[in-house]
Amino acid sequence: MNRQKLEAELSYKFEIENLNAWFGSKQVLKNINMKIKEKAITAIIGPSGCGKTTLIRCLNRMHETVPDAKVTGRVLFNGVDVYGRDIDPVQIRRKIGMIFQKPNPFPMMSIYDNVAIGLKLNGVKDKRKVDSIVEKSLRMVGLWDEVKDELNKSGASLSGGQQQRLCIARALAVEPEVLLMDEPTSALDPISSAKIELLIRELAEDYTIIIVTHNMQQAARVSDYTAFLYLGELIEYGPTRQIFENPKNELTEKYLTGGFG
Amino acid sequence: MMDNYRIRKIKDRLMRILLWSSLIIAMIPLFSILLDVFINGARAINIDFFLLPTPTVGEKGGIANAIQGTLITLGLASIIGVPIGIMSGIFLSEYHDSKLSQPVRFINDVLSGFPSIVVGIFGYVLIASVIGFSVIAAAFSLAIIMIPIVTRTTEESLRMVPVAIREAALALGIRRWKTIIFIVLKGGRKGIVTGVLLALARIAGESAPVLVTMGYWRWWFSGLNRPASNLALNIYLFAISPFENWRTLAWGSALFLILMILGISILIRVLTRGKYE
Amino acid sequence: MTRLIDAGLEQVKNILLRMGNIAHEAISISLKGYIEGLSTYSEVQKISDILIITEEEANDKIFELIARFQPVASDLRLLKSCMKISYSLARYGRYALDISQIYEKIDGLALCEDWIRNHIIEMSEKVLKMIQISVELLNNRDINEARNLSEIEKQVDEMYFKYLDNLMDKPSTVNKCIISSVLVVRYLERIADHATYIGESIFYIVTGEKIILR
């Protein structure tokens, strides 16, 4: 019994407790409590401005990089509060990668450097090691065969979908445990989006993935768990199947069936 | 219906003519100056012009010493002014939530509006009056003129780098200072280079602060703590001199100064060009 | 390109195949028991219950795929048809149980004349053949085989009516035998219908055309 309980607790990557967040005086997250399973895909859905993006930005302490932003509450990552007193946010961010809405490869940097820069600037000097991690990361996102002969070309020369996969490879290169994805396909065409979704599913074998999406069908397709956020509050959270087939909350039902507002 | 369309079309055409003619009017002085400088300056240019120092009255001579002095002075001014300017620009752009940034920006704006002769006198009081008229005093004054220009353009070009790029780097667990130096600065490089060149062009043409900090010097460079010859000052002094050969040299110097700045601009742009632009 | 939905579709297909094999087994057991005079009720009941649970499982999975992926075109046809097929497969199990129950409640063929026995054996063989074809169709989706099912179904139908005619011509037969055999023949005819439904569903999956093979 105890052992089971212990195991159940260990398999949570994040435990969010009483999380509140503000921009200036505007409160964008209200008392969020949720536990996020390890090596699973958790989707966060909700209408624009409901705090989806802020929620994931609180997990890797990116929220506080915006002036006037404030956070209270606890976010346990592997059981350790990322807002603890002796915690270096930079160390946290190394373990929690982030993918953004618009593909944002570093301009004026080659494909190779885009992937390698995180390692290089974090002190990995061994060229052979960097080479092998770059190749491994590009392979994981299915980009290696497409770019292996033009690693010196600019990252910006790739198509939108390729750029986004490059950004995922860049995040993977620093060997994180978690990938936070902020609407990763909203700037992409349907084919590129489908490729990214497939990739997300594959990555969930080894990583804990949290994906914010305004596209609820995407949440339905890729995620194992879904959280519905509305006006900064966590309205409903559970297995994706249950949320989409049999939501318990009336607001969730309304949002999913398009009867909102 | 038809009439309306015709009227709009006429208005459109009138507007276009107006804009074009404004452009041409603005260009006339620029091109007439350039033309004058080229025609008169070209007559002054020969081998001696580049190899000999300032002549005495009626003799053969050139501007070799002035080129040398100018390059040294500009170089020293840049060594002082460019790093300070770029770093202040980084501060203003990357730490804009700091309480200091507003005052710094204000001071910078005031500084850029200072008449250059005032800056020159400042350099005189602070340095020239202590160690004497010298390259150091001139370079110091010119650096002060450079700083606000470089600061402003650095700040602006760094702000052009999308926030998304900074966030991407921070989210990779790259420290803020490394993010700024290795990633943000790379993105804003083009704008910063433009700012530096703008500042360089501006101080290359300054004569007033040079006059009060270094004075006039006809001979070769002989040490940073002594004066050196200077093209802009030469143009000013030679142009108002009664001697024919000096006036010719003034034209030649003007042409050379223009070409030199053009040359430096091209050179720096080529040298600092990234691979992926 | 592989798609996210593909893994789910594969799962559904595997559930149906599993159901098909179990259903075939259930009917074989109950028919064999009926013909040879063995009690199979409890055994077949277990299998039939499994089939009903598995049908629910298949439908849940199909439902989930619809909710998650909003399938269209061939995917949508496939899922709609799979729902129907899973129902038919579950019915196989129920009919198997019904046949076992007849033996239990009434009797087998012990008191029947040889011609009755032979008729039922022959019909059983045809029906088992149809079930086998219908299960194989889940995998190979062979339209010609689906059409073939309708041929056998016609024969089963004919045998069914012929049996009823024969019985009326020969009033000497024992009552128990008449009631038992008529019910079994009736169930065999129903099973053949469901095999044909599966054939129709497969035809629809492959071509998008709705046809009636019966």
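Residue numbering begins at 1 within each chain, and the chains themselves are lettered A, B and C in the order written.
The criterion applied here is as follows: a contact is a pair of C-beta atoms (placed from the backbone, for glycine too) under 8 Å apart; a residue touches a chain by one contact, two chains touch by 3 or more.
As the structure is a prediction and not an experimental result, all values here were calculated from the model.
Graph distance from subunit B to subunit C, where chains that touch are one step apart, equals 2.
Nearest to the overall CA centre, using the mean of each chain's CA atoms, is chain A.
Ranked by separation of Cα centres from subunit C, the top chain is B. Just count the C-beta contacts per chain pair and the biggest one is A-B. For the pair subunit B and subunit C, the distance between mean C-alpha positions equals 91 Å.
Separation between the centroids of subunit A and subunit B, computed from CA atoms only, is 47 Å. Subunit B contributes residues 96-97, 162, 164-165, 167-175, 178, 182-183, 186-187, 189, 274-277 to its touches with subunit A in the complex.
Chain contact summary for the complex, subunit A toward subunit C: residues 194-195, 197-198, 201, 217, 220-222, 240-241, 244-245. If you check the complex, the residues on subunit C that touch subunit A are 1-5, 63-64, 67-70. Of all the residues in subunit A, the ones that touch subunit B in their complex are 60, 62, 65, 67, 90-95, 97-98, 100, 102, 104, 106-110, 117-118, 121-122, 152-157, 167, 170-171, 174.
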